[in-house]
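Order of writing sets the chain letters: A, B, C and D. Residues in each chain are counted from 1.
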């Protein structure tokens, strides 16, 4: 504590005293003198007629997952909480047409003609990040019951614009392909550890295969095995929205079928 | 609900089946085909050698305050929770040299030479918004006890850059002058309602004074009265940080004194 | 001239002397000390898969036209020079698929997949502005013969992105509709002055019509008259490019015909 | 030439005919239908209270210098024309406080409080690039006499912001140190070729020294020699401006002296 520490009460008194001699009108004058600083704000309106994607990523979620004993390779409680938080975002914000999540990340797609927050990138991404994070803590108990949340988690985010339907679909496919790779790897890895009796170091070593053929067959084999286990849905989640009713799917969004069955998500490229 | 609704289990099976015939290497190929979409991300690095300010604002906090029965004009529990959340942000993020808050807003100032998140504006503001929001829910109970939080609150944010010490100080003064005006108004307003027996509509009418002289004297008077009440500190809060120890002050940051007593906050204009 | 004026020679000597005691290696050291200033440059890469439009506008061309006695309402020499300058831009820069000009403005459209200058907005617009301006002076004599150019003219520019074919076509239609309005107005205005014997003030007054019906018939009438004059092509110009051969057209780009006859200009919206 | 070539006259007639049936009011309606495309323009206002630097670079000036037989290592005519063009820019645009040039590049510094073009980056840099380029062609004859300019040259540009006086001075020092290095190298190189009888390949080889000590003494030696040659001012140029009178200096801007003697260029860091 610094020697010139100002405890709250005396400082408060000083301030109130000085305020007592201030009128609102003189405060207004003071305020207008400083108000020029508003001109330093930059305009970050998103280009019109592009899809606006906000992607969130968990901060240090590897450590967070360990500390909260998430089940490996996939913890259904954690995935459920992630999805619940995404649904909360979609209920609060207008014009999100689809959201897609896996692991500790979630992407939210605003329709290309949205005028929510006047398309200001900073407002869109901070509101998504904020609503998602407060929901994550708020709904924790619904998924983890009495297991306590040890500290408030953090997420960071970004905005990316996509001009065409093809670009947007390729973005979502990119995230889902990434999810598949992670899922396949993690499933194999934890099967080797949990059922094969390897240490994590040994499992890691075993998965560094030199030959891509070996690589392929090994994993296919393991994946086939994996199918016999219970609770084995793919751990990625799409959330679509229609008039505040939000529906979660576990499905393939790389192929055509999903898009043919949900024609309302994409708008015409015009 | 659509007729072609895909329930999670069957869809999951379909997906796992299709995955079973996929190898990691073919997934990697698929991923690399889509990876071009990364090039659509824009670089939003903040101009070097400028202070980076992230300001958060509560979404619909007027309604939130009513629904949670915040005490008028200032609720010390709410202010304490706001401050606690800001402290949590300062503990998690590097290089925040001062934070200033009032009502439902909070400003965080990163030092001008920070390289946190490589100065990427989107990362900085979303992480602040996220950490603040998750902390707000996490620490709710510490300040509101058994009174339940009804739903997860939201905040939006923005980034503003200030090139010089004078500009930064004027920004903080602007926010504090704004705070004073709101405080003065609200204190008068609620004194008229709670002690003077006026309805809120009558109080509002009474505060629409025509003459600026009347205006001034009336408020001064009320402010003087206000000083006799307990718990009457100004409801704005500065938070400064030093080696992860964060200290909250209630004080004047418009004048010179605060800055002379805390020389470490500002860096030289060079 | 200041008292402490440094004439070039002595200062040059001083500098050369100090340089004489410098080696390249110490200069390199000095340079590397300052080189951090490069990090202040912002990245202004244009969003991928969007058309990049650079539009130039003449600075004070009203005065320029008067001083160089441009013929009213349209001066074919001036329009020819404008077009020649645009052709020069298209010969020098890659990937411009169409250009459209009128009066003292010209728009250049880069194809949506261009990687010219790595899509850096500042480079694209300054190079266009520079090449156009140097060409305007360079080719002046070809169009104005012995009439001298009195001073070097200036143009300013901007970059605008359009995500879809529809948006791009609407941009070009907007500029052509603007051209038509100006042409119609100017033709009427100068006919009233040159053939009707009105002063410019009287003509201006006469064209402030109250009733839109009167407005319409009056102009139609005049336009019909205008058709009898020689040299009366519309004064807007499209320039399209194919393998460094550039062709100028005077034609309608609002309707479908032009686009059907030039299918190579637009790429698919994907 | 395409089979469906539209010659100018028939197309012109078609257009005029269709225009004849249009009124201004219906053109105005058409225009307003397309006018939404204006919303695609981005705001690129420069951050307040920062110096705005526009730097131009010649496009392919190595080839341009060869084709126009510029004298090696430095051509006073080319440098004079460069300076004349910079002076033209400073006469036309407001608020440029200093400009610095060398070889085929020139930097223009706008004062930190300028509001020229409302601080819009695109306007500032395109206008500088345009005025510089048209001036370069316009004043060519003053410096090169009867030697013809073979084609219109191009320059590209960029905008960089500097928040403090120190940053701005370091920027200018960086450019001047770069100039010194180039000058020293080029002088040695061309002395070896022109007086030492080496081929350009031999000179290049000779200047690839392995040892930095050898490196240093060799160059010092040559630089000393260089001082005996006539016309040996350093080939960089500063241009400062005061009430439309612009003065060119050849001097050192890295040290303190220049800045003490020209106190009006920098504003206070506040």
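Operating definition for what follows: a residue touches a chain if its C-beta (ideal position, glycine included) is under 8 Å from a C-beta of that chain, and two chains touch if they have at least 3 such contacts.
This one's a predicted model, so the numbers in the text were calculated from it and none came from an experiment.
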- Note on the structure: Between A-C and A-B, more contacting C-beta pairs sit at A-B
- Euclidean distance of C-alpha centroids - subunit A vs subunit C, Å: 45
- Query: When the centre of a chain is set as the mean of its C-alpha atoms, what distance in Å lies between subunit A and subunit B?
  - Reply: 20
- Task: Pull out every residue in subunit D that's touching 2 or more other chains.
- Result: 40, 42, 47-49, 161, 167
- Message: Graph shape for the chains shown, where an edge means the two chains touch. Line, ring, star, complete, or other?
- Response: complete
- Message: Show me the residue ranges of subunit C that touch subunit A in the complex, using the header's touch definition.
- Response: 47-50, 161, 163-167, 269-270
- Note on the structure: Per the touch rule, the subunit D residues reaching subunit A in their complex are 39-40, 42-43, 45, 47-49
- Query: So in the complex, which bits of subunit D are touching subunit C?
  - Reply: 1, 4-6, 8-9, 11-12, 14-28, 30-31, 34-38, 40-42, 56, 59, 88, 92, 117, 121-123, 125-127, 129-139, 149, 151-162, 167, 170-171, 173-174, 177-178, 180-181, 183-185, 212, 215-217, 219-220, 223-224, 226-227, 232-234, 247-252, 254, 261
